[in-house]
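Let me give you the structure first, and then I'll get to my questions.
Chain IDs A, B and C follow the sequence of writing; residue 1 opens each chain.
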Amino acid sequence: MSALPLPRIRRPHRPRSERVDALWAMFRRLLGIPVVLFALATLVFIAMRLLPGSPTASLAGGGTNLTAEEIAQNEARASKALGLDQPLLTQYGTYLDNLVHLRFGESFFGSNSVLSLLGDALPGTIELTLAAMTVAVLLGVVTGVIAALRKGTWIDTTTRTVATVSFSLPWFALGVIAIVVFGVWLRWLPVLGRLPSSLDYHPTTNFVLLDAILQNRFELVGPWIQHLILPATTLALSMAGYITRIVRASVLDVLGDDFVRTARMKGLTESAVIRRHVLRNSWLPIVTVLGLQFGSLLGGSVITETVFSYGGVGRLLVQGVLQRDYPVVQGAALAIALLFVLVNYAVDMLYMILDPRIRKG
Amino acid sequence: MSDRTGSDPGLGTTDALAAAPVSGGAIRSARRGRDRDGRDREHRGPVAKLRRLGIGTSWPAKVSWVFLVAIVLVALAGPLLISADPVRQTSSAMLPFGSPGHLLGTDDLGRDELARLVHGARPLLFVAFASTALAAVIGTGVGLLAGYAGGIVEQVLMRAVDLALAFPSILLVILLVAAAGPGTTSLVVGVGVSLAPGLARLARALAARETARDYIVAARLGGTRTPRVLVQEILPNIAGPMVAQVVMTLSVAAGFAAGLSYLGLGIQPPTPDWGYMVQAGQEFLYSAPRLVVLPATLTLLFVVACNFVGDDLRDALDPKGTV
Amino acid sequence: MPDQSQGTPALRPAEPQVSRRTVLRGASLLGVGAGFGLTPLLAACGVADDGSEKSGGGSGKGGTLTLAIDSTSAVNDPAFYTTLGDWMAVDCICRGLTFISFESNEPTPDLAKSWKISDDQLTYTFTLRDGVKFHDGTTLSSADVLATLNRQFDPENKTLPKGASRPLASLGNNVASLTAEDDLTVKLVLKAPDRTVLAQLSDIGGRVISKAALDKYGSGIGKHLVGTGPFKFASATSGQSITLEAFDDFRLGRPPIDRLVLRQVQDPSAIVSSLLSGDVSATQFTPYSAVEQLKSDPSVTVHDTKEGFDAILMIDARRVPELKVRKAINLAIDRKAIVQQAFFGVGSEPDGYAIPPAQNGYDTGLADLSTKNLAQAKKLLKEAGAEGRELGLMAASDSWHPKAAQIVKQNLEDAGFKVKTTSVDPASYFSRLSDGKDDYHDLMIWERNSYVPDPNNMVGSMANPAGLYGSTITGLDTLDGVDTMAEDLLEAKNLPVGKKRTAAYSRIQRRWAEEYMVIAMLACSTNLVVSGADVKGINTAALGNHRCFMEKASV
């Protein structure tokens, strides 16, 4: 079977050969990754060039006191400098050749290398995503477990209702409201960016936490967390509701399993049963879902990034499309897709390796 | 059997599709208990009929059904009942709540807010339903074929699904809008294509399972032609879980569409639309919060209602807990 | 709108410059999708006081001033427009031969301490100030000026990055020679007289870069810009912020603040919120809709800056060939509604036609060219037999444009037109303007802004039949008798500032409107400058024109 392995709640014992099959499937999927990325690169390449509007028109327009003729000359010059005067097929060939040699090109607007732009944008996005997921998992697991243990009671109903509402929240308005309440009215938290302007920060890796350690500047950590709270919580709220549901279902499922019954019969306390058996066996679906979420957050938190002026890869992508900055869009799309594919692949591997039911099999 | 039916709704929205597979069974079993209780009481009339179908079994679900039906009715019939023009600008801008002739006041261009809210329901509903339908058709088609055919066909189709999953959906929509202009068409296609992979995975898994069953094997051996097997034999047998999942998709589509509209990628002014109204009203967050709060709340309620109704329908249509 | 921040306007002609607004826009405005809803192209440029850590050191009070900007590509190069914010940084890092403060419209000496202009108006001899230090420690000499200006004038210059827009290219086309007489004397010889040279040299494109740095970094100078300005470059992160530090040896004394941070803030509501929260303490990109709210809040100050840009409706004369119909369009427009509803009162009706109140040559005698008269509009439309004519209207999707488009659509429908509108992301907008075959090329809403306030920059650009507006966009060049317009414009441009010049421009404008009507004026407005109440000493008049003079600012 080719697709991602199917996480199942009720998984029959698998014979060893099935496990080998599964490993083989994973290996084949690994081989498929470059194919998928190549197809994606090609699609984005074509799509960008099919778009109306050209980067050179924008570049050449820098001076509208010029005559129409002078603008046309400017445009031709820019077009030549950027290689856009070549036939499309030649451009595509050049692009693929560069790609194979891991050259991702330069932005049309200022010649920044795409890699350095990604180096500026990705860390912010990854920080934000991980922080949001941490909050979401904490919230979601606690509420999910409680709801499962109190199944059928008002606690359960309320939790599930709140969870459903929270993952339906119009997250686009949520950030704006959070800013008004916590930033403007209460003035508890900063509303802009990753660090205060007054802090002198020279990125090494651009991951603030990592840099704080590398540069031995732990005074960065406090302000960094302050700046992270609002955007991360905004993103996390909707995710948490969703995790609550998964955790609840997953825990309920495991609670019905034989080994839990056995554990209880052995006289283990309820909390020990939950810690040692239930949670350990119900986190797999959670991880799988988180993998997918991670991917969609990478390219997807455009609004959060914009509202909180949190320079990230989502905005880089959107801005690239609007400016018709082909190399930036191509590079950013590829980077997002690569991370998405790798993270999900890793999750599936983890799933296979750690699934107790497979391991025991 | 449960498949991981993740999709990438983008924009940081939560992925209800992925939630569905795991949460379904357990929630369902809890509800079925109540469901039986309900039937024991022998209700009569249409409500009882619904109850026998297993629909409207919890109070959030009931409320949601009512809200959803109401909002669809308002979207369809409301514009006929409201005389105020949602587009016509007047000089009486920014009137507050309860102004004479303008129950909910007017917006920054002097247009009746109530009329805009009523008219503004249509685009969101249309995009949500149409893109879900598109996703259902693509997803079921691709998944069915892949699951049934297996081998190289399956390989190719499922790689395409992987590709679609990895393709940032915000990029897809922006490309569509840049190429075809903003509006419902771009939104429907963008949202529909973004949500299709999740459904395709589920359909493939279900179809593969059915294909291995004796009756299909028999039908194939008996020389039944492939399209016939697919449509007449397999499709009906996977319909229950698929429909349940499609309904869940509706809420994701609604949330996604509202977000895109908010980004200015959807319906263009002056046509009223909730998502755009939230975005435009945000300018008046401090001075006239109603202009953002009303459309945002309605959008929220619509998405919440879709979720509860989706849960409810899944319980009813997929009692085996496939999804 | 009354202008409190501006002193007595000098009646000297400053000459036209590259219009900043247009540059912006042309430069694909940052693609930040304002139009795309969220991000107004023109994002915010504000001064934010971070509160924390008012660092000492130096002569001033110290501290950090945070300006919110539209966007940053982390490239600061006077020869390459990337974003408004990037150029505001250039404005702080480098200084030019001349300087216009915007509190007065007159070019004053800066790096050039004096200049001589020959009687034939062709030769400019600049004497440089002695002993001016660059941030890299080198001393200003004529070699630096030559190296800088040659990047603007010569498209093949080796230090230009790919696609560089060279804002002074048009000046370069009129330059016969540029030479150094000695270490501190530069001679510029023109092919034809141009009274706007001194003003053009004050613009960001004319900012002088250290030759040593140019030699060292070549086309990568934008990442290591070295000038003589009050702030030196420290670091920049694309999409996030640019950090500048006070330059101790600045010619006019070290600025009071220690750090100037230009931070990208794109969401309009985020701009307002961060002004109120103090995360940003000033910006000229404040959304107009917030003006009342901000005026009533004691923690911020809303500055009155004079209206310096035109909101315009361009009409393609090739697609709307009847003058009567074009005039009917002009007569249908409700400018009061546009000022009130699209600009929230931050603006005025275009009484001086294409010349806004902030500029020399503003003549309210032209107010009749932009009045609403619906009955007359309907009458003209009937005479032309064009009732029910279908028109396509295109507007960028950011800032005030979509709202103005909605108002104009309604006005025209009231007059008897049928109007279909489209809103376009700003990057596509510029290229669609240049495409006469576009479905929506009948009517186009745009704006014209100038860094340097002069009639030539507004009228001279827009009414020139050979210019972008006159040919590509409106097709003015296809109409009868326009040849003499170009001659009149050249003549008016080279008149000394004064009544005669104003009269000449008024004459041209009247003819332009009455005989051709290819651009209807919608409103005059300004970028809304707002700062934290504790921020002092920022040049708000300049900031209102996207110019960034922060050498006296303190927090």
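What we mean here is this: contacts are C-beta pairs under 8 Å (C-beta built on N, C-alpha and C of every residue); 3 or more make two chains touch, one makes a residue touch a chain.
Being a predicted model, the structure only gives us computed values, none of them experimental.
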Chain pair with more C-beta contacts, A-C versus B-C
A-C
Centroid check, CA-based, most central chain -> A
Could you state the distance in Å from the CA-based centre of chain A to that of chain B?
23
Determine the centre-to-centre distance between chain B and chain C, using the mean Cα coordinates as centres, and give it in whole Å.
46
Taking the mean of the CA coordinates per chain, how far is chain A from chain C in Å?
39
Spell out, as numbers or ranges, the residues of chain C touching 2 or more other chains.
33, 36, 38, 269, 425, 428
What are the residue numbers in chain B that touch two or more other chains?
178, 262-263, 282, 285-286
Could you pull out the residues of chain A that touch at least 2 other chains?
51-53, 176, 180, 303, 318, 321-322
Taking the touch rule as given, give the residues of chain A at its contact with chain B in the complex, in rising order.
1-4, 6-9, 32, 35-37, 39-40, 43-44, 47-48, 50-53, 148, 151-152, 156-157, 160-161, 164-165, 167-173, 176, 180, 235, 238-239, 241-242, 245-246, 248-250, 252-253, 285, 288-289, 292-293, 295-304, 314, 317-318, 321-322, 329, 333, 336-337, 340-341
Which residues of chain C touch chain A in the complex?
16-19, 22-23, 25-33, 36, 38-39, 48, 50-55, 63-64, 66, 68, 71, 73-75, 77, 80-82, 86, 155, 161-163, 165-167, 169-170, 173, 219-220, 222, 235, 237-241, 243, 259, 261, 263-267, 269-270, 273-274, 276-280, 425-428, 430-432, 434, 457, 460-461, 464, 466-469, 471-472
Which residues of chain A touch chain C in the complex?
51-71, 74, 77-78, 81-82, 106-112, 116-117, 120-121, 124, 176, 179-180, 183-184, 187, 190-194, 196-200, 202-203, 206, 223, 303, 306-309, 311-312, 315-316, 318-325
Write out the stretch or stretches of chain C touching chain B in their complex.
33, 35-38, 268-269, 272, 287, 289-290, 292-293, 337, 340-341, 397, 402-403, 405-407, 409-410, 421-423, 425, 428
Can you list the residues on chain B that touch chain C in the complex?
88-89, 91, 93, 108-110, 177-178, 181-182, 262-265, 268-270, 276, 279, 282-287
